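Next come two complexes, and both contain chain A; in the first it sits with chain B, in the second with chain C.
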Partner chain A sequence: MRESIPSREWLQRNLNTIIPVSGLILLLIGLRIANPYFLASWDSVITLVYGMSFFLVAACGLTLVILMGSFDFSVPSVLKLSAMIFAVLYPSLGFLSIPAALAVSLVFGFVNGLLLARFNIPSFMATLATSMIAEGAAQVISGGYTRMITDPAFRALSTTMIAGLPSIFYWAIAIWLISIFLTFVTPFGRAIYAVGGNLVGARLAGINVKMVRILTFMVCSLFAGLSGILYASQIQAGHMQVGVLDMIPLFASVVVGGTALTGGVGGVHRTLLGVLIIRWLDSGLSMLAIDLNVRMIVFGVIAIVMAILTIDRRRIKIMK
Partner chain B sequence: MSGNLRRGAVTLPILTSAWRLIRGNPAIWAILGLLIIFSSIVPERFLSSGNLIAILKNFAVTSMLAVGPTFVILLGSIDVSYMGIWMFGGALVWLLYPYLGLASIFIYPIFGLLIGLFNGVLHVKAKIPSFILTLAMTAVLAFLTTYVRNISGVLTLTVPAYNFLRESPIPYLPSPFLLALPTIAISIFLMFFTKLGTYLCAIGSNEEGAKLAGINVEKYKVLAFMFSGFLVGLGSIAIFVHLGNQTRVDFDPSELVRGLAAIVLGGTPLAGGMGGPHRTLLGALVYVLIFNGLFLLPGVDPNHLKLYIGALLLGAVVIASKALKGALIA
Partner chain C sequence: MDIQKQLLEAKNISKTFDNVVRALDAVTIEVRKNEILSVVGENGAGKSTLMKILVGVYPPDSGELYHIGQRIPFPRNPIEALRRGISIVYQERGVIPHLKVYQFLFLGLEEKFTRLGRLQLEKIIGIAKSVFDELGVRCDLGSYMYELPLSTQKMVEIAKAILSIRLAIGDSGAPDITPIIILDEPTAPLSIEERDELFQYLLNLKKNNSFIFVSHIIPEVMKFSDRIYVLRDGKLVAHHDLSVEKVSEEQLFREIVGRVSYYELYGGHEYGRAEAEGRPIILSVRNLTKKGYYQDITFDLREGECIGLFGPAGCGKSEIAKTLYGELLADSGKLIVDNKEISIKGEPHSRLRRGIGYFSGETGKELFLYWPIKKNVSIVNFEKIVRSPLKIVSVISFKAEKILAEKIVKKLRIKAPSVDTECYSLSGGSKQKVSVGKWLERSPKILILEDPTIGIDVGAREDIYEVLLEMKKNGISMILVSDDPKEYAILCDKIVLMRDGKIQKMYTNEEFKKVMEL
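The block that comes next holds the complex of A and B.
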C-alpha cells in the first residue's frame, strides 16, 4: 500500500525542511505585500545580497561547530578582529595582510578546539573567554578608532560586479559549496556528523575525536576570519562595531535552517535557507522602519522556537 | 580525617568548620594573596577608605549577578539570563512606578522568579540546552529594555524616588552592600539548611543515580532555575541602587563574563555536583580585588581591560578543568 505523500509521518519526518522553505515563501509574500518596493528592482536584490553574503560565510563555520554538538561564541569577535587586522595592516602590507588575519583567526580556532578537546572545558565557556581576548586584541591594535581604507583595490575584493552581482556573493557561495563538499564527501565531514550524533559511539568507532574537534573549530574560525575580511572590504573599513550584534542572528540562521542544537542533525546546505530567511527578514523589517531592538527580539524568539522544533528528543537522555 | 572531624564537631564546631572552609576553598588563599600584594605595592591608594568602599560596592554588584546562577551550575547546567533579568526588571520598575509607587521595586524578585520558572520549564520539558535558552532569553530581555528606553523618549530609566535607599545607615558600609545581604543570607540558607542544596549536588554529579534514588529530578531542576531567577531579581535591587536608581539600557554580551567568572573563580566546577553560593561569594571577591588592584598599579592601560578579563577567565576555567576529567562535554 502506498502512503499518500503529505501523510502525518512524512510531515513529521520532513518538518526541519518544510518550516524553513514555507517560512521563506511566506516571508517573501508578506514583505512584498507590506512594502511594494521590496525586491522591486535589481538594485534591491544587490542590497539583499550585500546583506547576506558575509553572514553566510560566518554561518557556515558556526553550522559545522553546532553539527558537532558544540557552540562557538567567539565567531563575531574573531570576525571583528580579522576585519581589524586586515584594515590596520593593509597600508603597510597590502594584500599580504589577508594571510596574517586568517592566521590569527586559525590560532583562535585552534585554542578553542584545544580547550574543549584537551582540557575538557565546555565549548561555550571556552569560546566566551577567547571571544573576550579577541575583542580586547581588536581594541588594542586599533586603539578603538575606525580604520578607513580608501584604496579602490581594497574594496574591489568584495564589490567587483560579475554578471550583475558583487563578487562577495561568489565568495560566499564558494565557501558554502566547499563546506557542503567538506561535510558530505570527505571523511572529516562524516566524522563531524558522527561526533555530533554520538560522541561515545564515534570514539569507539575509532574516530580521533580530539583531532576532529580541534579541526572543526579551526575551520569555523577560519570562515569567521574570512567573513571579517570580506566585510571589511565591503564597508571599506574595520571598526569596533563590526559583529557586535551578530551573535543572535547568526545562531538563529543556523537553527532556522533546520540544524539541531544537539548535533548530528541538519547540515551546511540548510544554512543558506536560514541565512536568507534571517537576513531578508532583517532587511524587510528595517525597510519598514522597525526598530533594531525589535528585530533582535524577533530573532531571539525565532531562535528559541526553532530550537524547540528541531531538537531530536528521542536520542537525548540527559540535557544539561 | 573523619575522626578529626567528629572530634571537632563535638568540641569546637565553629573553629573546625572555619578550618574546613579555608582548606576546601583555594579562593581564600587567593584573596589573602591579592590583599597582601596590592597593599604592599600601592598601600596608600589601595587601603584608602574610598577604595575599600568601592571594593565593597563592586563586590555587591558582582556577587548579586553570580549567586543565583550558582544553583543552576550545581546541576551542571548554566543560566546566563541574569543580564536580562537585571536589565528588564529595572525597566519594569520604571514602567510600574507611576502605578504602584515605592512598592514597584518588589517587581524585581517577582519578575526574576517568573523568568526562572519559564526557563526551567522550557529546559526540562522541551529539552533545550540551558546555555542557548538562557542566552536567547537574556538577549530578548536586554533588547526589550533598550526598546522601552527608545520609545519612551528618555535618556535613562531613572526612578529618583528611591534616592533614600542610597543613604547608608551605617558608616563605611555602602548601601548596595547592605542591600545585597538578604540575597546572600537566603542563598546560604537554601544551600545549607534545606534539602535543595544536597539534591542539586546529587543531580549534578549523577543524574541517573539521583533519579534512581527517588529524587524528583525535573521538579528540582525547575526549582533551581526559579531560585536562580528569584535571587538575581532580589540582588538586582542592590545593583539598581548602586547605578543611581536606574538600570543598564545597552546590552554588551561580554558583560556576561562577570557573573560566570565569579562562579568559576570561586571553585564551582561547570560540570556541577559540588561547590555552592558560599564559594561564589569568595570568587566574586577575588574578581573584584583583581580588577580593583590592577588598575591602581602604575602603567596598566584601561584600554586592555577586556584582554585581562578574557585571560583571567581562560586561566580560571583551565585550572577548574581538573574537576571535569572524564566528563562528556559538548
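The block that comes next holds the complex of A and C.
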C-alpha cells in the first residue's frame, strides 16, 4: 500500500524525476510571466520545436554514452562535420550524400570507442581529440565557407509540415523512441546500463565490454550525424557555426533530465525533459533579448548545479 | 609472564558495531619486545577491528591498554598511536606509485624538514640513506615507487612506518621505545619468492622492532612467527607460543575455521558423488603456467564432476580459477573445452560462450547493487528471456524475466519482498545467493566457484550447497576454490592439493576426508 502523502523516502528516491518536471513547469510559468508572447501563438510553438528537435537527436546519442559511464565531447563537431558533408556533397550526389555523412559519423564513433576500449584512453580525452579532427575536416572540405542549398527538396527533409508540426519534430521523436526501445528492452541496452553501473560486474557476467563500448559510441555518433543532416536541412546550409556552442547545453540537457554523469543511472526517456528545459530556457531568454554571453553563464551554472544534484554519491568514492 | 619482555598489552577489548554486530568480545593480546606476533583468523573474525583499535581508528567499547606495565589511554587517532610507538601498514592503497622513493618515505613528514618554506632535500636524502642502510632496504632512492618490485615497495612502507614512529617519539621526548609495526595481510599481492624476501627482511628487523602480522596464510604464519593468536567470530580461541610448543598446520586450520565438523552441521548431505569415471572429459588443462603464481598445472574435468583446488592461500588456486574464466592471463599451456582447444588469452565473454561460468566470491563487486534481483539474475540469462517477434531484433520479455527470477528466488529461499527488490537492501547471504543463483538457470557446462559461501550464515550455506549439488547431478562440472576444507568434502569428487603454485597430490573425496579428519 502506498501512503497518500509522499514520504521523505519516496521523495528522495524520485528526486531525479521531480526536479526536472517541476523545473519545466516553473520555467514555463516564469517565461510566460516575463514575456507575454512566449508560447502565445502556434508559430511560437513551432519555433520552439525547431529549436529542440535536432538537439534532441544528438542528446539521445550522448545519453547512451553517459549511461555507459563515458563522455563524448565530439558530438557537436561530428554534428557539424556531418552537416557540412551533406551540404557540400548534395549538389553532386543528391540524397546519396546522407549515407556518406552518416558513414563518416560512424567512423568517428568507431574510433572513439576503439580508443577507449582497445587503447584505454579515457573517453573525455579521446573524444576531445577526435572532435578537433572533425572540426578540422569540416573546415577543410568546406574551405570555411557557408554552403547554402536552395533546392526545396533539401529543405523538405526537415520542414515539411505534418499535422501542424515540421517533419524534423517527427524525426526527433522517432529517434527518441528508438533509443528508449534500445535501452529498455534489448540486451544491448541492458549491457549499456551494466557497463555504466558496474564495470567489473559486467565483465564477470560475460558481457563483451569492449564491443558494447564501441557500439555505443557508434550509435552516439550516428545520431550526432543524423542531427547534423536534419539541422542543415532546417537552416538550408552547412556552416562552421553549426553546433559551436552546443557542448555544455547538450551535457546539461542530459544531466537535467536526471541521467547521472557517473553512468548506469537515468535513461534516454528523461532526456526529452532535459532538452525541453534547456532549449525552452534558451529560447525564452533570447526572446527576452538577454545577451548570448549571459545565457552562456546561465547554462554553465545550470550544468554545475544539476551535476551536483544528480551525481550518485553512494557509489563513487573517488572522482577524477 | 615475563614483564621485562612485555611491550604492550590490550586487555578485554570489546567492540560492537551498530549495537548488533559483535566484532570483538573481551579479547586480550600481548605484544612482546622483538618478536613477530601473528594474529590469524577468517574474514570477519575481528582481526582488522582489533588492529584499528590499537592504532586509534576505532575507539573500543571497553578494555584497557598497558604500555610496559603502565596503563595508558587508547589512542584517539593514528598520530597519538605513533607517539606511543604503534604504526600500521595497510594491505593496499599504501603506496603512491608516481612519487620517488625518498618523496614517498617523507610524505606527510615534510614539515619537520622545511626551512623558510623550502624542503631540505639534502637532509632528507641523507636521512633516507642512513635509514635504508640501517634497515637493509636495497633500492635507488631516486627511482619511482612503481619501478620497485612489490616486495621492496612493502619494505619501503615498513621503513616509512618505523621512521614515522621515530620522528613522532622524538617530538614528544619520550624514552627509547621499541616500535610496534602492524602489517595487515602484507603478503597478499606478492608472489612466492617475494614473500620469502619480505620475511627475511622482517626477521632482520626483529632485533629492534616488534611486528604484529595479520594474516590467514597458514604456512608462512607457522614459518616466521614467534607467537600466534587465533581469532574466530570476535573471540580469542587459541594462543600458541612456538618457542615452547609445536603446532601442526591442520590444528591451526581447525582452530581458525571452528571445531564443529561439517558432518555434524550438514549431517543430511551425502556429498553428491557423481559416477564421473567413464563420462566424457569436458575440460582438459595442460601444463598451464603463469610465472610467479602457478606452474605446470595439468588435470582433466569430467562431465558432472567437481574438482577442488585445495591449499593454503597464496598457493595459486585462486589464480588458476581466474585464468580459467579469462580474468587472468596465463603465460603458457593449453586449455581444451569439449575437445576444442581454446585460446589461453580469452576474455570472460568468450569463455562464457564456451560454456564456462564463474563466481568470484566477491558479491559486492559482482552484483549490480542498485538493480532489482531480476535484472541481476537475467544478466547472464538473456538467451532464456529474449524473444524475436520480428526476427531482426531481440527483445527482452519482462514476463519471462520475472518468472525466471522468481524461480531462482524460490529455489534458493532468498528472503526478499519481491524480485523487484534492489539488491543493496538484501542481507549478505541473500546477495550471495543471487550471485551464485543466476548460474542455476544458465546451466553452463563448467562452473568455477571461488568461495561460494564466504561470510554467510549456516542456513544460507545449506541452501547454496543444495543447489550446487543439484546442478552437479544435472551434469554440470565444477571447479571449487575455497578456504574451508569441509566445503571440499561436501562438493568435490576429487581434491587437488596445491602448494607454492604446484600440484602436490590428488585425493578422492574419501581420502581427503580421512586426511583432514572430517
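Definition applied: the second predicted complex is superposed on the first by the 315 of 320 C-alpha atoms of A that agree within 3 Å, B and C clash if a C-alpha of one lies under 4 Å from a C-alpha of the other, contacts with A are read in each partner's own complex, and residues count from 1 in each chain.
The definition used in the following text is that a residue touches a chain if its C-beta (ideal position, glycine included) is under 8 Å from a C-beta of that chain, and two chains touch if they have at least 3 such contacts.
Being a predicted model, the structure only gives us computed values, none of them experimental.
Once the two complexes are overlaid on the shared chain, A:208 sits against chain C while remaining clear of chain B. The wider contact with chain A, measured as residues touched, comes from B rather than the other of chain B and chain C. Of the two partner chains placed by the overlay, neither chain B nor chain C lies in contact with A:99. Once chain A of one complex is fitted onto chain A of the other, the partner contacts of A:200 extend to both chain B and chain C. When the two complexes are overlaid on their common chain A, residue A:129 makes contact with chain B while staying clear of chain C.
Of the two partner chains, chain B is the only one touched by A:119; chain C is not.
Of the two partner chains, neither chain B nor chain C is touched by A:91.
With both structures placed on the common chain, the touch criterion links A:164 to neither chain B nor chain C. With both structures placed on the common chain, the touch criterion links A:30 to neither chain B nor chain C. In the superposition on chain A, A:190 makes contact with chain C only, not with chain B. Shared interface residues of chain A, touching chain B in one complex and chain C in the other, are 200.
Within the complex, the chain C residues that touch chain A are 325, 327, 347-349, 351-353, 357-358, 360, 365-371, 375, 378-380, 382, 386, 393-396, 398.
Every residue of chain A that touches chain B in the complex is listed here, in rising order: 69-71, 115-116, 119-126, 128-137, 139-140, 143-144, 199-200, 247-248, 251, 261-263, 291, 293-294, 296-297, 300-301, 303-304, 307-308, 311, 313, 316-320. Remark: chain A residues 185-187, 190, 193-194, 197-198, 200-209, 211, 264-265, 314-315 touch chain C in the complex.
For chain B in complex with chain A, the touching residues are 75-78, 122-123, 126-133, 136-137, 139-140, 143-144, 146-147, 150-151, 207-208, 253-254, 256-257, 260, 264, 270, 303-311, 313-314, 317-318, 321, 324-330.
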